[in-house]
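Shared between the two complexes below is chain A, which pairs with chain B and chain C, respectively.
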Partner chain A sequence: MKTEIDRYEIRLAGAGGQGLILAGIILAEAVAIYDGRNAIQTQSYGPEARGGASRAEVIISDGPIHYPKVMHADVLLALSQEACDKYFFDLKPDGILIVDSGHVERLPSSQALRLPIMQMAVEATGRPLTANMVALGFISGLTQIVSRPSLEKAVTARVPKGTAEANLKALAAGWDAAEGAPKQR
Partner chain B sequence: MTTPKMMQGNEACAAGAIAAGCRFFGGYPITPSTDIAEYMARELPKHGGVFIQMEDEIAGLAAVIGASVGGVKAMTATSGPGFSLMQENIGYAAMAEIPCVIVDVMRLGPSTGRPTSPSQGDVMQARWGTHGDHPIIAVAPSSVDECFGLTVRAFNLSERYRTPVILLIDEVVGHLREKVTLPPPDQIRVLERLRPTEPPEWYKPYGSAPGDVPALAPFGSGYRYHITGLHHDEAGFPTERVDEVRPWTRRVFRKIKGNVQHIVRYEAEGVEGARTIVVAYGAVARSAREAIKIARAKRRKVGLLRLQTLWPFPTRVVSEVCRNAQRVIVPEMNLGQMAIEVERIVGDRIVRRVNRIDGELITPQEILEAMETK
Partner chain C sequence: MKTEIDRYEIRLAGAGGQGLILAGIILAEAVAIYDGRNAIQTQSYGPEARGGASRAEVIISDGPIHYPKVMHADVLLALSQEACDKYFFDLKPDGILIVDSGHVERLPSSQALRLPIMQMAVEATGRPLTANMVALGFISGLTQIVSRPSLEKAVTARVPKGTAEANLKALAAGWDAAEGAPKQR
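Here is the complex of A and B:
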């Protein structure tokens, strides 16, 4: 995506422990540091270490970013039914909804992109924990909001030591799946 | 120039502290401030500093005061419940005139409240949380870059005026990640406290001094003197004499009030000829800026007064900027703690409050509505 962006909003929502905040940080860092645009990342989560609602938000722009939260999301990733139900209404009419088909059964829109994210993670790396990277790869491949080398650099820099290879594999699985997905605007 | 990096507000605050010369951190971890303690625990030893996790927040600030009396710049960081516990020692630092920086990353209260949700509910506690009349300085950053800059400034103010300085960061800004390019160390202005030049037997730690700030000798440097939370004479020993108590109170107020123009920082944007002025601070100022951007596209004359210093309250600035305004909007993540101050200055007739106390950041839309409703 090379055109000037005024404001592009991505919301990653699900449960605590799914790695959504890390995915948000990696995306923001890839865009802001390695691609050289402007990006900001915020998070919202409950007091629990695992479970409970969790969300990360990334705003991307080529100008200054004032309000740091999502107003009308361009992309919503929902890894739980609760997140899908709660945040669908903030999605732009032409926004992209991506859900994990293993966790979200009731779809609010026929336009939703259903993807077995968790299952893909297990197939790619044997670790369900890498589902966040599958999702990140899919969103990035689909929207082209970030370049692939930048994203890979950011993943390598941020994930725990010794897990880069698995995480990059999961990322690639997501990115490759996006290439076969229906074309978005 | 250093290279840009993605940093969290809390991390930038801790980095700012180290850049300002802070070499001691005493505290107790609490959401949403814990990142600051973690950063200090990791980085301070690399700079020859000391990190201590104390048994609670009361001891945390006590340790900080002790370190500062020893001549080391010191800081603690906490959130609502811990900030409540620190009030007694904030009073002690104000009374004994010990420089120190207290970071309060504000979460939704009262009590345990909602530990991970933002708030600006501690504005009045920062001013009046400890008992008795005392001056205080409190600053509130709106961005990650400002978390760094205002922390450096908090240390400078604290050292220059021998006073505790409170950094009020809301959870949104504390946990926000943003691209920042930190200034290289040689471009950061760092102030040090005045040290006595007279021989120890003449030293008066609470004597009259130019600018009303007497020099502070580090304990152990050969200057023997007394420090107490009791009202004290010029040598630091307890006194009940009104001709010693009154001058102390007057002096400590004078040292802050007499320097308000040097202490107060703010940013006024598009306020000339604006009929509506939004007065905001912290993360809410970002919502305000977004709202103003939308309003200006509709050719509305709206200005923003963003306060970086909350205490001492920038009375003159608010009065001047809002002089010709027909409406002053004060959005806050509390029920109007700063609005009270603004109303006191401009009159409550023209003030519109926008408040949220549910742990969510005020949206630009909510501020726009306050601009548009009659």
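Here is the complex of A and C:
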């Protein structure tokens, strides 16, 4: 049974080239096209984009989404120390902080979930570039904000030709890692 | 010499699978990362996404962008009749409407720019999927909202491996077609 979602804000932050925008698009499409909710997916580019930072946002709701940007994130993924430092303050007090333990050393909260995301990607597929899918699988498994079949369909529809298998493997590695963690949301 | 842009709203609308989101991302990255302006790029998914419609938005400014969604578009690209019918009313009175003449028959305005976008893509590259790059090249050449080298860099950085050449060809076909049209903006 699906529970109603009022407004759920997810921010994916790290460096350019880490595939965070693609992860955001896949999550939004899974939630909206296959799970039947509403979603808005956004990237904002300012001076920090020129410095190589990247940030993608997804807002999910069963009702209309009046303001399309993250105000107080329910989930923050930080793949770099810079992203963690910059966006932690926008996280809700009970929000979920997920960091790549190989790239974020100084943690702003003892509640942070530390996961060796890039290392898991390399182990699952041999390709560090699939770290975005590990992270997406972990966030989704943890929050259950999207159904697993919907997410897999969206990955298959959206990733470059010939890469679906590796991306699904990385996604599964992330989702499975979340099975061991206490469910959140 | 660069003129200041206060707020410029571009909406790309058509069907899923036409690559409009990728076109939006490339335009935003060209403008922001390579031309040094600010940009926000958004997709909203509601019931219409389940019907197969797709819409990407880009907002460009030299100042801060307070509201990240299109209110009154300066440019509307419509690759389907449905998109044209649905979004024409949000276009500014002096906004630019660009339609694929092979897919939009009923025009809401005598000022519409009709271009055989998909046919041009097939002629330029043999691949109808590059229609998004023809459209992006045409919009950019017409409005000069982004420099041509920046746009080419963003295309090369963002399209799937091995497809840069075809995508740049399609982009050039669109940009060159705009050279014949009176400059706008």
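As a working rule, the second predicted complex is superposed on the first by the 174 of 185 C-alpha atoms of A that agree within 3 Å, B and C clash if a C-alpha of one lies under 4 Å from a C-alpha of the other, contacts with A are read in each partner's own complex, and residues count from 1 in each chain.
Basically, contacts are C-beta pairs under 8 Å (C-beta built on N, C-alpha and C of every residue); 3 or more make two chains touch, one makes a residue touch a chain.
Because the structure is predicted, anything quoted here is derived from the model rather than measured.
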Task: Clash or fit (per the criteria above) of chain B with chain C on chain A - done: clash
- [ ] In the overlay, answer first, second, both or neither for which of chain B and chain C A:Pro160 touches.
- [x] second
- [ ] Return first, second, both or neither, reflecting whether A:Ile25 touches chain B, chain C, both chains, or no partner chain.
- [x] both
Open item on the list: Under the stated touch criterion, which partner chain does A:Arg50 make contact with: chain B (first), chain C (second), both, or neither?
Closed with: second
Open item on the list: If we overlay the two complexes on their shared chain A, which of chain B and chain C does A:Met71 touch? Say first, second, both or neither.
Closed with: first
- [ ] For A:Ile33, decide between first (touching chain B), second (touching chain C), both and neither.
- [x] both
Task: First, second, both or neither for A:Gln144, with chain B first and chain C second - done: neither
- [ ] From the options 99-107, 207-215 or 261-269, pick the one stretch of chain B whose C-alpha atoms clash with chain C.
- [x] 99-107
Open item on the list: Give me the intersection of chain A's contacts with chain B and its contacts with chain C, in residue numbers.
Closed with: 25, 28-29, 32-33, 38-46, 65, 68-69
TODO: State the interface residues of chain B toward chain A in the complex, per the touch definition above.
DONE: 4-6, 31, 115-117, 172, 175-179, 283, 286-287, 289-290, 293, 361, 363-365
TODO: State the interface residues of chain A toward chain B in the complex, per the touch definition above.
DONE: 25, 28-29, 32-33, 38-47, 65-69, 71
Open item on the list: For a test of understanding, state which residues of chain C touch chain A in their complex under the given definition.
Closed with: 16, 21, 25, 28-29, 31-33, 36, 38-46, 49-50, 65, 68-69, 160-161
